[in-house]
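Take a look at this one; I'll ask things after.
Chain nomenclature is as follows: A, B, C, D, E and F, assigned in order of appearance, with residue numbering initiated at 1 for each chain independently.
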Amino acid sequence: MMKTDEKMIVKGKRLDGRKPDDLRKIEMEVGVIPNADGSSKVSFGKTTAIVAVYGPRSLFPRHLQESESGIIQFKYDMATFSVDDRKRPGPSRRETEISKVARLAIEPVLFLKNYPKTTVDVFVEILQADGSTRVTAINAASLALADAGVPMRDLVVGLSGGKVDDTLILDLCGKEDNYSDADVPMAFLPNKNEITLLQMDGRLTPEETKQIIRNILHAGKEIYKKQVETLKRKYSE
Amino acid sequence: MMKTDEKMIVKGKRLDGRKPDDLRKIEMEVGVIPNADGSSKVSFGKTTAIVAVYGPRSLFPRHLQESESGIIQFKYDMATFSVDDRKRPGPSRRETEISKVARLAIEPVLFLKNYPKTTVDVFVEILQADGSTRVTAINAASLALADAGVPMRDLVVGLSGGKVDDTLILDLCGKEDNYSDADVPMAFLPNKNEITLLQMDGRLTPEETKQIIRNILHAGKEIYKKQVETLKRKYSE
Amino acid sequence: MMKTDEKMIVKGKRLDGRKPDDLRKIEMEVGVIPNADGSSKVSFGKTTAIVAVYGPRSLFPRHLQESESGIIQFKYDMATFSVDDRKRPGPSRRETEISKVARLAIEPVLFLKNYPKTTVDVFVEILQADGSTRVTAINAASLALADAGVPMRDLVVGLSGGKVDDTLILDLCGKEDNYSDADVPMAFLPNKNEITLLQMDGRLTPEETKQIIRNILHAGKEIYKKQVETLKRKYSE
Amino acid sequence: MSDMRADYILKLLEKDERLDGRKLDQFREISIEKNIIATAEGSAKVKLGKTEVIVGVKMNFGEPFPDMPDAGVLRTEAELMPMAHPDFTSGPPGEDATEIARVIDRGIRESESIDVEKLCITKGEKVWSVFVDFYPINHDGNLIDAGSLAAIVALKNTRIPELDKEGKIDREKLKNPLPVMHFPLMITVGKVGNKMIIDPTFEEEQVLDSKLSIAVTEEGKVVAMQKSGSVGLTDDDVDNMIDIAVKKSKELRKLIEDGKKTSK
Amino acid sequence: MSDMRADYILKLLEKDERLDGRKLDQFREISIEKNIIATAEGSAKVKLGKTEVIVGVKMNFGEPFPDMPDAGVLRTEAELMPMAHPDFTSGPPGEDATEIARVIDRGIRESESIDVEKLCITKGEKVWSVFVDFYPINHDGNLIDAGSLAAIVALKNTRIPELDKEGKIDREKLKNPLPVMHFPLMITVGKVGNKMIIDPTFEEEQVLDSKLSIAVTEEGKVVAMQKSGSVGLTDDDVDNMIDIAVKKSKELRKLIEDGKKTSK
Amino acid sequence: MSDMRADYILKLLEKDERLDGRKLDQFREISIEKNIIATAEGSAKVKLGKTEVIVGVKMNFGEPFPDMPDAGVLRTEAELMPMAHPDFTSGPPGEDATEIARVIDRGIRESESIDVEKLCITKGEKVWSVFVDFYPINHDGNLIDAGSLAAIVALKNTRIPELDKEGKIDREKLKNPLPVMHFPLMITVGKVGNKMIIDPTFEEEQVLDSKLSIAVTEEGKVVAMQKSGSVGLTDDDVDNMIDIAVKKSKELRKLIEDGKKTSK
């Protein structure tokens, strides 16, 4: 975490005018990529992720050995222009790690054992990055998988919490992420009460940590509703 | 295209004394690499390409899937010392593109469908680069394929045209290429009237473009003759 | 070889007090990596190599083509912190070459033809480098293979010789290696009188070269004894 | 694609008809959106029917080429993201991605669209590097025309960031527009049998004999060409294709200026 | 591992028993050796039972990040050397190696263990780069805890080399200790069924539903967390795991301070 | 190669005969051409029978090594171009290419052939980097001897470019020769059974037990050695091979000086 003299919270308001528990404006859309079996675009404020799902489709022979069960392949990629200084193409170490933890965040809702010798491929592109990119990506992946008709035992909701200026907050934007005392990205299954992604960076008491997790679970319900609405909207069209 | 105050044409003569339609001194030789099934060395002035052809030979198993028809693999490579500032080993983006367009320039003369599960491998090394390297390489590849006895429905002739100082020229040398108003590398089948490679960089009217293409087709006949002579010379030895 | 004004030998003594033919303190241990089929750790002064052997174990399908006989795979790797300026991870050209010559130094003692479709994998990690790393690695590989119970027709002994300040020496340390007139790393089978690795850098008369080889063969007997003792110690435990 | 499907497309084309009802020389519905990426200094999204591509432009410090010490540097890169088509796979750019990037780049560079000499910061040492990054979102054919259009639109709305007192880039202050002098349009003409078509779909691309991509400036000059496909063209074919490209580039230019989506 | 073996481990755990006789919340025998690499500026070897890892620290010149011009730079890398386990293969770091390196790094970085501002040489130009390289020698489970412990011990005994008159690094003169302000400990808690265990062996890791790695400081603050495994956790699970980590980190800290190898 | 062919070659060698009629210690016909690459600062083509290799030398700016601040830098690279042999494949240099490059390099470097201290431009900052690039055109055995010879000949006719007023390299003005002080020759001696041969063809290399490559200077000093092949050598073998190499290097040196192609 970097340091700054700038106050992140002034008179109870955050940099962008939000209250500590407010989420940014969330936009969700499915069916945005005609070629894909399922797709979605999700924005949390200025952070935007677009996701395509292909599959379940056949695995190439070279992978067949490992596939009594089906597998999920998850690629998290940031567009070169999604950040201030152009990102070099190709996966950075950060992107490699996120591809792994995001895959594990999604895997528990799929019935991969029912689809031997197949793969479900989830491709995430971060078009704009302003904090909370991995949880935005997970919401988008959840929608795209549902849009693809892949059987799921729950949706997956992603949301970040954290702490700035001694205040617990939700949905960190980029600047808050950079200068926060702590950042907690999390994903969970809203109907199953299962946390499938949990990471934390920063410095918190155990109680604060627990409280942030509770806050995310609570506020995440709204994101879940939005996901459901988005899917309904498409199928009622 | 870069700019320069230097005149490219003075009193109707180019930098190296040529008239606009003159080609540089062309040298052709086949059978220069004993291990190869066919080989050649071609120079246009100071530009020199050496080519080896191996095949048709068996494809490795991993490629077999794509091979109802035979395939051609074409590798265009510039020697590190072929240019002023040492080129780094390994394919640059430019070399990758040229490998593709040169392959497509050659493919139409081969009967690949008659050779399923095989590959014809064409390896080009540019030993000296002074402009027009890709068309020099294509002439050399044409000769090396013929030398290898690979059935061909025509030879392939390569020649570049362009414009400097308001004059349409042929066979650009390196300096002309750098400071030209336009550069048009082209390959064609002299007996079939088929253009198989056509690229253009620069700024031309449609009429100039068409004229350059006609000029190349016309002057290319001489290159074709030289190719035929070179092959005859070998087989009459 | 670099130059220095520093004398490498003063009053018959080397930088670290050794006489020309003295070896540094040698430490050997086997069975240091529980997961491996065989393992060892060998130090020559401050140079330390640790080795794991896995196998003979099945080859992956893609290698099966080349395996009428079994094969040996040898990976020589220097830890990033084994040298003064951190080495970048991944094999350097030097490490690639050493992996090859060390493999060839070991191969002659194995009966690979008796183990078709298998591989013996030897992984070397140089933890500290102070000269003579490749020969230290070869001693460690010899021990680890014996520890793994891989049938061998002899052990393999590695030792370096060289010349500094007009004096023939043995077991060069890092500084001697850098400023020596010549460096001769060598490996041999002590009971078969077969030299399996021989490299030389520097400047020697033919006679000096021959003499250094004889000196290594002579002094190497002690290293052989140490290898045998180390293996006995383990099996008598 | 099945042989039957390919035959069907070919038979339609023989009758001057296309699967989607277009005329042979008709564009698909075109949509252009500018400034769609808040984190980029310039950006555009272009749709040609179901083909959708994004281009983002980033301005970074760079070093000039030794032979042009006072000129900024343009670099175009393309990744064929596996998102955009089931046949695309992850990994470093291959032959096709490299070709697309280089052809888009050539259209811009050769038309001298950008006045690179205005991008010098310190002669011989520090210049603006203009990175043009092409991302296809959905590939339904004609990526080169879509990408070239998105690239020039994105460049056209690129703003150069200010430098702060310490000489660092302040991306919150985007001031002067990038000096874009020309607005070339890439028109790819496909040939199959004796028919010429423009703006081919993905399925149509599978049956084409050859394509010629031609970049045309406002004044009707040709600034870049690239033939692709493994069947040759006659000189008359090429003449014909250049004429079509020049004509259709005018039409496309008018469509864009008028903000319209379709021509008849 | 065979299904039978897995079942056996699971049945033991149901009875609060483990293969090696440990209690569920008991560490394996711990051994810590400092300064084991003569060529490194700092180093440590840690053993947890049969798991053995080495961390070496090298101090090189580096450039500061533009937004922190007077701060040194920490970089943690991990290779899962094929030496350490039959399943590991040669090649550049994959997903797992990258995750381990980043989690170890986060524990150190987020606890602000290192006073990076003391590592500035010339503001904005030259700082110390602290390379923390992690090498597993034998992998028998819980690499993250072993690696994090080895990393912080290695940093704690790192000495900064002096610069000679020409400003070059003189590694024969190691003078000032690296300013390590905090000593976080990583405790990974595994869950299987309704059981929680610490310091899992390799075999136990194969049967765990999920793990949560938690870095805890001297004052009992949480500075990093990473969930792994493909089964979800409830919020109560997480609470429980945090409590276990805080408690066991105190115990581990005492063990280390007392130079002991085992707790009861 | 078939077993029958291999047997035939071995039987001939037993009778001190070779496929091409040479004596065991006879070189193939040697051809050396200098300055064959107009774009290189130095170059040579060497043929040993059907083996043909090219070496080109480029002079670029480089940074000196920290421990030799006033010395130029030599770097030898080799690619085993797929052109030269049906078994060679495309891709980055593998084990064999790396070994060849390093052995050629060692022969030149260790003989102190090049007076690197004359290649300093600005002490500690800027020196000449001498890139020696080896390309085999046709591989019919003994690439190391052919490549080493081509490398030293190419270096011997290398001219250092002048610097213009702005300090840039002006490659049109090649002035001073590269200071080459020694002219080592690499002689590879092959052993099969109890026979020693020199200058093996590709087919002969397949049946050799081992090879020892030995670089010898004008005064008959040994400056580099590299054993290859997977059969051991006795100390007497090595003595013998060194003697052969010293003797044949004198003969080769005379051939070169006399501009002759063959010895009896």
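Definition applied: a contact is a pair of C-beta atoms (placed from the backbone, for glycine too) under 8 Å apart; a residue touches a chain by one contact, two chains touch by 3 or more.
Because the structure is a prediction, the values reported are computed rather than measured.
Asker: Taking contact as defined at the start, I'd like the list of chains shared as neighbours by chain E and chain F.
Answerer: C
Asker: Would you pick out the chains that touch chain C and also touch chain F?
Answerer: Correct list: empty, since no chain touches both.
Asker: In angstrom, rounded to a whole number, how far apart do the mean CA points of chain C and chain D lie?
Answerer: 58
Asker: State, to the nearest whole Å, the distance from the C-alpha centre of chain B to the C-alpha centre of chain D.
Answerer: Computed value for the inter-centroid distance: 27 Å.
Asker: Where the centres are mean C-alpha positions, what is the separation of chain C from chain E, in Å?
Answerer: From the centre of chain C to the centre of chain E is 32 Å.
Asker: List, in ascending order, every residue of chain D touching at least 2 other chains.
Answerer: 93
Asker: Could you tell me which residues belong to chain C and also touch two or more other chains?
Answerer: none
Asker: Are the chains arranged, by touching, as a line, ring, star, complete graph, or other?
Answerer: It is a ring, because the chains touch in a row that closes back on itself.
Asker: Could you spell out the chains in ring order, with the walk beginning at chain B and its first step landing on chain D?
Answerer: The cyclic sequence of chains is B, D, A, E, C, F, beginning at chain B and stepping to chain D.
Asker: Per the contact definition, I'd like the list of chain D residues that touch chain B in the complex.
Answerer: 67-68, 93-96, 98-99, 101-102, 106, 110-112, 212, 217, 220-235, 237-239, 242-243, 246
Asker: Per the contact definition, I'd like the list of chain C residues that touch chain F in the complex.
Answerer: 1-2, 93-94, 96-97, 99-101, 104, 107-108, 184, 188-189, 192-206, 209-210, 213-214, 217
Asker: Which bits of chain D are touching chain A when the two form their complex?
Answerer: 37-40, 43, 50, 52, 54, 56-58, 60, 77, 79, 81-86, 90, 92-93, 131, 133, 135, 137-140, 171
Asker: Name, in rising order, each residue of chain C that touches chain E in their complex.
Answerer: Residues 32-36, 46, 50-52, 54, 57, 75, 77, 79-86, 89-90, 121, 123, 125, 127-130.
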